[in-house]
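Both complexes below contain chain A, partnered by chain B and then by chain C.
Showing the complex of A and B:
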């Protein structure tokens, strides 16, 4: 109850700040929350919007599934093999801190101008954090869990599925929370360049036309989607940690 | 499963039956000759009699836990042989249960599910799992907490969960690696009583690793005293307690003698360890 109240207060304060900012800066460059909402509702009635949204959703969904599966698999592999993990960690961290957008032309050359380039770019953003979180979760798992599994006569497969996986799940979910929002970021950035569809393209196109209400409406929608996804994963996390 | 029935079974077995045996066991970490090669243990000779309560005391770092690892099949001896029930130990032998020093309860499972864990993985049928888990949970005084998660329990209660988890597997040899090391003195004494009760009820052979001399003196039939690294047995002491002893024997004059004798043996070794570190 207090939590819900706190969230409501934060939202009201954010809305007021937005409104205030709108009044301070020139009217046209930052539409008010009201105008944005009206534009968002209008977008919902526009078939063009749904075409773009479905493009983004598709790319996002595929990128999330692939980077989650790949990130966990890679993380488990590197975590189980201490030497591989020690070698891979600095490489992954450095690779990750590279501004990936500079590599986007390369991605485009490899994957072409279609949806696969955006999926690949989404994975490039989402995969590494999840790999690192999973790997570290395994490296930091209490050794006594694995020893217990061994003395209870578990096979390596049983140990992975019924001990290691549940033990690292909280960290994996934390990694997934980061990975999912970064995947969305990657897909949207991908849509902003050399693209004719998707919400990223829609934002760029609206910007060129000076259609700020559309830019903000799409941004607002994406923020809500990202927050909801995060909330769902947080709930999973809470349900798991007792 | 009644106490009487188990006691009868125990009386049938010859008292000098060797349950587990270590002969000339050493454990060396690292490549021999390399600068970070550590001779951790041995050579160790140990005959565990079936049904006895054997404690191992020794200075920190003397290889006590390594000794337990060898018996549990978690570590291979560098030299020498390890046997359990007449067969060489290769991997974790069936019939051996281990309780570790650290809290090994799984935080994602309830107490009852923690206790049932090993049985379920072993494919024991559901009715049998329920029966054995109910028994073990009741025996360890966890009935009221069966549905609770480890995070809701104290350290002592969590260690009970781990003991119950070992108990349900009906081990014939129970290895305990300083299981009460993290608990306060009063709780440790009471847990010692529980351990004695469990030992009598299951008639299993128990090997307890501990750094607490009073614990060893109170609980054991025999106490092995280990030297500083590389650990070897420098003395094995018969305590001569009755089978139905409990923590109240700490007021027995012999308890003081035993503890004193253990310390006498151990003092020089502990000093050696302290000077070297």
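Showing the complex of A and C:
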């Protein structure tokens, strides 16, 4: 509980630092926390905001579902075969640390300017961490699990579903935590470039008009949503860790 | 090279070859993806003609600046937090979920503070990179074996000597992992900011080529970034693996 109190103090310090920055920046083009909060409440009454928010959440939801399913499947496939795993790992790590935004034009050329490009871009961000975590968890799994599955004569399919996946669940959740936040980042960056809707576009558009309170309000809201999602997955992680 | 290394090379070569064939036979239209050989010749032309050297230098300068600031500042902040357990207890939960926040959405704020230019770009890249360095510093300082501290006391080393000759080398493998991650994040932050909103740099050049339907140049620049980042990351990764192996000795 002392920790929670300390974290709360850190939040207060951050808010004060923001207020101080607002006062220091000349002619205050940087809105104060108060102004931002007022703007955030005003946004909730704006149908335009909800249109953009629903676009973003749609793309985000589809990207999360597809990248989670795909990442786990790919991770299991690579993890069950040691050679495939060691061959793929450096390639995946390198893809992970690549600035994927450079490849966004390719995604746009393939998928066009619609929502599917943003979904694909979100998947590009979210898929790899989940694959890596799943794969490494299987490679480091106690060999006795795999041997028992072999003794019981389970097919590879049965082994994956009834032995491997339950055994590596905590690592998969950790990977999903990273994957989900990167998915959101991918979708948002996609919306910030060559797009006409979504919260990423809303931020860019507000910035072009010099409407800083909206920029900060949306950014703050996204940060809070991301932190809450992360907290839920962190709780699952702790609950399922054996 | 190991057997896996050869297979890996073969897999990559096969993927590149398949893309080349798919493009040349028209299965993938040239207007969407260029064949790898065309990307390579475009890259060669870009490097020889020198049209983008300025962009390349601007980007690399920002990456180096961001990585250096993130590593130095991250190390200092990490060391201070490590020395103050109360602060650490309060900050650590935040560090753990820091990367969940799409930091990138705050790029416009930095443009307000620093103007459009390298300042805002370096700031957002530092913001992305610094937390991995702070975390690595905390882990590194935690893992210094207690026996080394006792040895330092027996040898009556002063605090500075002790830090330079005992703590720093002992924590080095962990610190280096932080440096590696910081460089990777600095690249991501710089290129992405340039791509979204900027007037110079490799990210900007790619966005510009895309907006002008100049696919040839766009693919050449993309290949350049992929190659540069791969070479830098692989080099850092090799050093990292050596240091990690030293830990296990």
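The definition used in the following text is that the second predicted complex is superposed on the first by the 222 of 242 C-alpha atoms of A that agree within 3 Å, B and C clash if a C-alpha of one lies under 4 Å from a C-alpha of the other, contacts with A are read in each partner's own complex, and residues count from 1 in each chain.
Operating definition for what follows: a contact is a pair of C-beta atoms (placed from the backbone, for glycine too) under 8 Å apart; a residue touches a chain by one contact, two chains touch by 3 or more.
Model, not experiment: these values are computed from the prediction.
By the touch criterion stated above, A:16 is placed in contact with neither chain B nor chain C.
With both complexes superposed, C is the one of chain B and chain C in contact with more chain A residues. Legend: residue contacts after superposition of the two complexes on their common chain; A:42 is shown touching neither chain B nor chain C. Touch criterion met: A:163 reaches chain B, while chain C stays clear of it. In the superposition on chain A, A:65 makes contact with neither chain B nor chain C. In the overlay built on the shared chain, the residue A:73 is in contact with neither chain B nor chain C. Residue contacts after overlaying the shared chain place A:113 against neither chain B nor chain C. In the superposition on chain A, A:229 makes contact with chain C only, while chain B stays out of contact range. Contact residues on chain A toward chain B in their complex (touch as defined above): 142, 144-145, 147-148, 150-154, 158, 162-163, 166-167, 169, 240-242.
Residues 4, 7-8, 11-12, 31-33, 86-87, 89-94, 96-97, 99-102, 104-106, 108-109, 111-113, 184, 187-188, 190-192, 195-197, 202-203, 206-207, 210, 215, 218, 221-222, 225-226, 229-230, 233-234, 237 of chain C are the ones that touch chain A when the two sit in their complex. On chain A, the positions that touch chain C within their shared complex are 2-3, 5-7, 9-10, 21, 25, 29-30, 83, 86-88, 90-91, 93-94, 97-106, 108-110, 177-178, 180-181, 184-185, 188-189, 192-194, 200, 203-204, 207, 212, 215-216, 218-219, 222-223, 226-227, 229-231, 234.
Interface residues of chain B facing chain A in the complex, by the touch rule stated above, are 72, 74, 92, 94, 96-98, 100, 102-104, 106-109, 117-118, 121-122, 149, 151-152, 162, 165, 169.
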